[in-house]
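Pasting the structures in now, so scroll down.
In the two assemblies presented below, chain A is common to both, partnered first by chain B and then by chain C.
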Partner chain A sequence: MKNVLAWIRRHVNLGYIAAVAVSIAAALLIDAVILLAAGHNPVAAYRELIVYPFSTAAHFGNMLEYAMVLCLCGLACVVGSRVGIFNVGGEGQLLLGGLVAAFVGSRMSGMSLWIVIPCAALAAMATGGLYAFIPGVLKVKLKVNEVITTIMLNSVAAFVCSFFATSVWKNTRFNEGIDVSEFRFATLIPGSKLSTAIIGSALITFFVWYILQKTSKGYEMRLIGDNPRFARFAGLKTDRIVIAAMVVSGMMCGLCGMFRVYGAEKAFISTRVSNEYYFEGLMVAMIAQYQPIPTIVISIIFAILKSGAMGMQSVGVTIQIYWVMQATVIFCMAAQSGVMTAIRKAGERRAAQRDVAARKEGGAAHE
Partner chain B sequence: MTDEIRFEHISMEFPGVLANDDISLSIRNGEVFALVGENGAGKSTLMNILYGINTPTAGSLYVRGEKVTEFSPKAAIDRGIGMVHQHFMLVPSFTVAQNIVLGREPKAANVLFDNKKAEQLTRELVAEYGLEVDPSAEVRDISVGLQQRVEILKTLYRGADILILDEPTAVLTPQETDELFEVIRRIVREKQMTVIIITHKLYEVMAISDRVGVMRQGRLIGVKNTCDVTERELASMMVGRPVLFDQLEKTGEPGDVAIEVDDLYVSDNRGLPAVRGVSLSVKQGEVLGIAAIEGNGQSELLEAITGMRKANRGTVKICGRDATGKTPGEIRAMGLSHVPEDRLSTGVDRAASVADNLLTGRHKEKRFNLFGFHQRRSSVERYAEELYEKFDIRGAGIRTEVGSMSGGNMQKVVVAREFSFDTPVLIISQPTRGVDVGAMEFFHTRIIEKRNAGAAILLSSADLDEVFRLSDRIITLYEGRITGEFRADAITKEQIGLYMTGTGEGAKA
Partner chain C sequence: MNNSGPSFWTVASSTLHMMLSSATPVALAALGGLLTEHAGIMNIGMDGMILMGAFVAAAVAAAIGSAILGVLGAILFGIVVGLFFALFTVKLKSDEFIIGCALNTLALGLTGYFARAWFGVKGISSEAYFSKLAIPLVKDVPFVGNVFSGHSVFVYLTWLLVVVMWLFVYRTPTGFWIRAAGESPETLRTAGKNPERMKWIASILCGVFCGLAGAYLSLGNLNGTFVEGMSDSRGYIAFACVIFSAANPAKAYLAALMFGFFDALGGQLQGVIRSDLPFAYLTKAIPYVITVVMMVYVVVRAQRKRTRMAKQQFKNLG
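Showing the complex of A and B:
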């Protein structure tokens, strides 16, 4: 028992968990005022917020599916930021990955699921990876700011996707859509969007965590992200590793798009495959300070909030109010790191003062 | 002489550190007082209290018999205290006069800056104190020695009669140091000023000060009349044990040439030529020292040799293999290790632990990897623990973040890693910058050990004493060219100083 406690203390940053909890509580308090001003009962609203995601199996499934998307996107961002490159283009990589995966599926009609799904996954990863390779190479070889290039490539991807899904690759009678319902992942919770794709996501999540935290490659990536000059000085092949990380980040996004198409939506319709989900994942990664395990945890918290928003709508809270709430939660969580530093400093100051006092008393006793 | 400044039982506590521990000290009117001690001994903290940057946790400070109640630089300046920091606080694009009056500018019509008046005031100051400097020159165009003079004039302009100089000679050539000392003597003699000088260099203490105070670990160990002590005694007081300075025994004969640089041209960050046609060679078992004032191409030269910077022309050979245009990793593989000039930006990953920093470069070795990819933390930590002991790194252990360590210990991490590679070629830049006397002795011993074991060492240091102590041969660099090459035992520091400023005989050619 004692060993367990000691292990927890060494490996779990309890202070960080407390700080996140406090920041969420602070956000909820602020939002309570907003809810009151809007004429709602905050207690009832919050009850729905918490209960709704767990109220039915379908709600729970949808919540988990969303957490999976956030987690994959968040970790994709973490992989890039670990080597000091900020992939803001995940949205485009995700959409293009989903599009190409859907195209592959739609052209392999009649074949075995066991061939089509891997083919679609590979196609999605290749597309996402390639689409991230472009800004990666530009950054490394020509020092082109990756934030600008990736954001611009997002727009390109969005328009390319809606073009192909509404015209040449369309295979439904609707305005837009590439139907792949023939080959979808098995649904895990009936009535929800949760499919076996979450098993793939869990494997990827574990894999990313393992590479970043436990291997020599992860070690090299950390050095490059912390101090690229030092990494080069020490003889690491920094250029190659940075490009590789960016490509892996893009591959994860592409695969996430494929999961959306073959797991949740059963078709490619750009606005449904991703509604700026990557940017929410990016937010998750930032709040988690680009650490893998906090990214997983905060993905789930965000998914609960998002799902709970639907519940609040059922008691009359409009979606706009929810957006305000979401923003305050993000704000408070982002502010959390600064607040934590301040608290730690105050603690150190108090300890120092106690030390002086103790020393003086000790000195007096000597005399 | 009367007491100008009196510290009574001053203590200063920072979180976790007692920087000043019950210090009582009197400094007399019209004397030059030297304050010496290792890094982190508390000298700067004590002077920052005098200058009002720190408020002491306990004790009192008296200036001219008056108890100080308000601690702020502004109040200190009003009391006539001036401080020249190690890193100058000048605006490079302003003229000398503009810098001097900054903060108390003469105004025309009460609003506009009066440049003529400023220059006139500067000229008056220059005449009064005999500190020659051109008021209308831009600060970025004048030498470091003159910039320091501007800093001193700035404090005089504000009416200082107590002057604190924090490591003033760290950036000066021997000639500039002599001039500075001349200035100090003059202002003390003619203007009755009190000067406190913080320094590492003990021969300077002997040269300039009337009395000397030694600090160690936050305590004042002793105050002596300078004429009553020797350098060796002071060094022992600082470190707390006898310092064996002259036991560097150089043995062995030079072997084959291991570093060969031929007609090398390198540009600096702005694209301007920094190294212009340098050729040199270093043999195994030999230390070649580079003596140069900062900014004369030595940094760019070493960076080009180690692959951190591209050369425009010329070749570099390491152990007989062509290293020109190769990456730092490829050059390291040829048998080179490198202690870089700036350890913070280049030598370490500050956010990583000591263990991770010691591992870099060896992290692909089999013993640290299971199946070739899984990092074996236990082996890593065992290895780090070994180096930590061997190089006498002091701190909170191998899991500490390197960024939280003192400069000396951080440097030990760098040296421990680089020396552990046991390469035939070592490029060492500023090995002891900001490092205390005890650690300096340690580094010097290690460098000579490497030399005696047959390493070819190229050394660059702003500290001329260091260059002299360690080198077999010395080259002087001035504006990117070699102006002279000497056997270390066949030349004096003063002569070298001339070549470093391009005025030696070699420069005429």
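Showing the complex of A and C:
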């Protein structure tokens, strides 16, 4: 028993868990006020929030599918931020990856599923990786701010996807869409969007955690993120590692797009494949302080919140409340850590003053 | 010669007209963003500030029925948002990038949520808005009239504000202290001024300018309508303009004009290209591509300049 407690104390940051829990609770209180201000009943809404994700198997499956998306996107962000580069362009990489994957599938009609799915996955990864390579190289070689370039490239990608999905690559009678229902991941929970793609995501998640936390490559990456100059003088090829991290991040986003197309939607329709999902994953990574394991846990928590937010629609609350919830959690966490730092500093200052006062008194007594 | 289409001069003047109107919100936001940039805050949250400004302006104007009060509401709310932003980035010393992203998400969520909850599925559509002004005399000048007349008052106000901001940043003590707060906060502290205070001021003014930019979007540009997510990455483009211009108000306005030009060009190309394919999607992407290209160009040029100066110094030493 004692060993277990010691293990927990060593490996689990209880202070951080408490901070997240308090922040989520505080955020839900603030959101209750917002719900009241909009004329909704917070008690009824929050009951839906908790009940809905677990009310039916389909809701539960959809929740898990969304957790998978959040987790992949969040980890993609973590991989970049480990080496000090922020991939804000995951949305574009995800969309383009999904688009190209859907194109590949639509052109391989009649072939075996076992050939098409790997081809589509490779195509998605290549596309996402290439699209992340551009801002990565610009950042490393020319010191161009990657936040702006990736955000601009997001808009470009969205327009390009709309162009191809509504015209040359369209293969449905609908206005927009590339249908790939011929090949798809098997659905795990009937009636839900949860498919076997989650197994692939779990594998990727494990690899990312393993590489970041357990290998020397992961250690090198952390070194570059913490102190790039030191890393360079220590003989690391920092430029190459930073670009590689960005490309891997883009590949993960591209693959996530492919999972969305072949797993959940069975077609590429840009508004359905992703609706700012990467930004939601980015927020998860921020709350998780760019650590892999917390990213996984927090993506499940936020998937529950998102699914619950959909349930709240039955009492008239619109889905946008989910964005409000996510942002308020971040503000609460920031406020908390800021206040804690201030209190600690004030404490140190008081201690120092006491010290000075005591020394003065001691000096006076000596005389 | 093909005489069926509109003449070159008509197309050119309407392109330039569109350039001025679509540069205005970016320029207004950039005027705010350059203050936070000078004060040493990386402000990614401008997009959210613009969106909230657009919402508040439209909502107040719709509720009270006065466009002026709508703008006033957006300005007051901009002050609140600026205070909120400074509270986290200056007082609590949170990560600016995280707070900016969270602010954008919060704006997207709050405006969308309250627009539906308060105004129903139709969204906000205010009866009161700023109509386009036809400027006497100017409007009758052939080419010039088409370009410069017939804008909302915000477009002309922005010109004034560019001058005012240039004077403020480079010719007033407060402007000087704000610049010092970013460049060398310790020196400023030694001189008896509080750098944190300058950051607060910059942040509040940034909120005000972004609020104005938002008010222009809903009350000036779209005739009193609020559309969800209507800021459309303009906050980020404004941030890029701030970087292009090295936070100089006049240059920032030029950068915004350039964005406006390519935005207008994209809009015009839609009409020109006759095709079954939806090329409109691709032409809409033009300003964003140009922004990336400009970003690279500006950074590379600045680096070249630094290298040249370093070499010069080295030579002088030798």
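Everything that follows uses one rule, which is that the second predicted complex is superposed on the first by the 316 of 367 C-alpha atoms of A that agree within 3 Å, B and C clash if a C-alpha of one lies under 4 Å from a C-alpha of the other, contacts with A are read in each partner's own complex, and residues count from 1 in each chain.
Here is the rule we use: a residue touches a chain if its C-beta (ideal position, glycine included) is under 8 Å from a C-beta of that chain, and two chains touch if they have at least 3 such contacts.
Worth saying up front: this structure is predicted, and the values here are computed from it rather than measured.
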First (chain B), second (chain C), both or neither touched by A:Ser109: neither
First, second, both or neither for A:Ser181, with chain B first and chain C second: neither
Partner chain in contact with A:Leu153 - chain B first, chain C second, else both or neither: second
Partner chain in contact with A:Ser314 - chain B first, chain C second, else both or neither: neither
Partner chain in contact with A:Gly235 - chain B first, chain C second, else both or neither: first
Which of chain B and chain C A:Thr271 touches, first, second, both or neither: neither
Which superposed partner A:Thr56 touches (first chain B, second chain C, both, neither): neither
More chain A residues in contact - chain B or chain C: C
List of chain C residues in touch with chain A within their complex: 44, 88, 91-95, 97-99, 101-103, 105-106, 108-110, 112-114, 116-118, 228, 233, 236-237, 239-240, 243, 276-279, 281-282, 284-285, 288-289, 291-292, 295-296, 299-300, 303
Residues on chain A engaged by chain B in the complex (per definition of touch): 214-220, 222-223, 226-227, 229-237, 345, 348-349, 351-352, 355-356, 359-360
Chain C partner contacts - residues on chain A that touch it in the complex: 34, 37-40, 86, 88, 138, 142-145, 147-149, 151-156, 159-160, 162-163, 166-168, 276, 279, 282-283, 286, 316-318, 320-328, 330-331, 334-335, 337-339, 341-342
Chain A-facing residues of chain B, complex: 11, 13-16, 18, 57-58, 306, 308, 327-330, 332-333, 338, 340, 345-352, 356, 359-361, 363-364, 368-369, 373-375
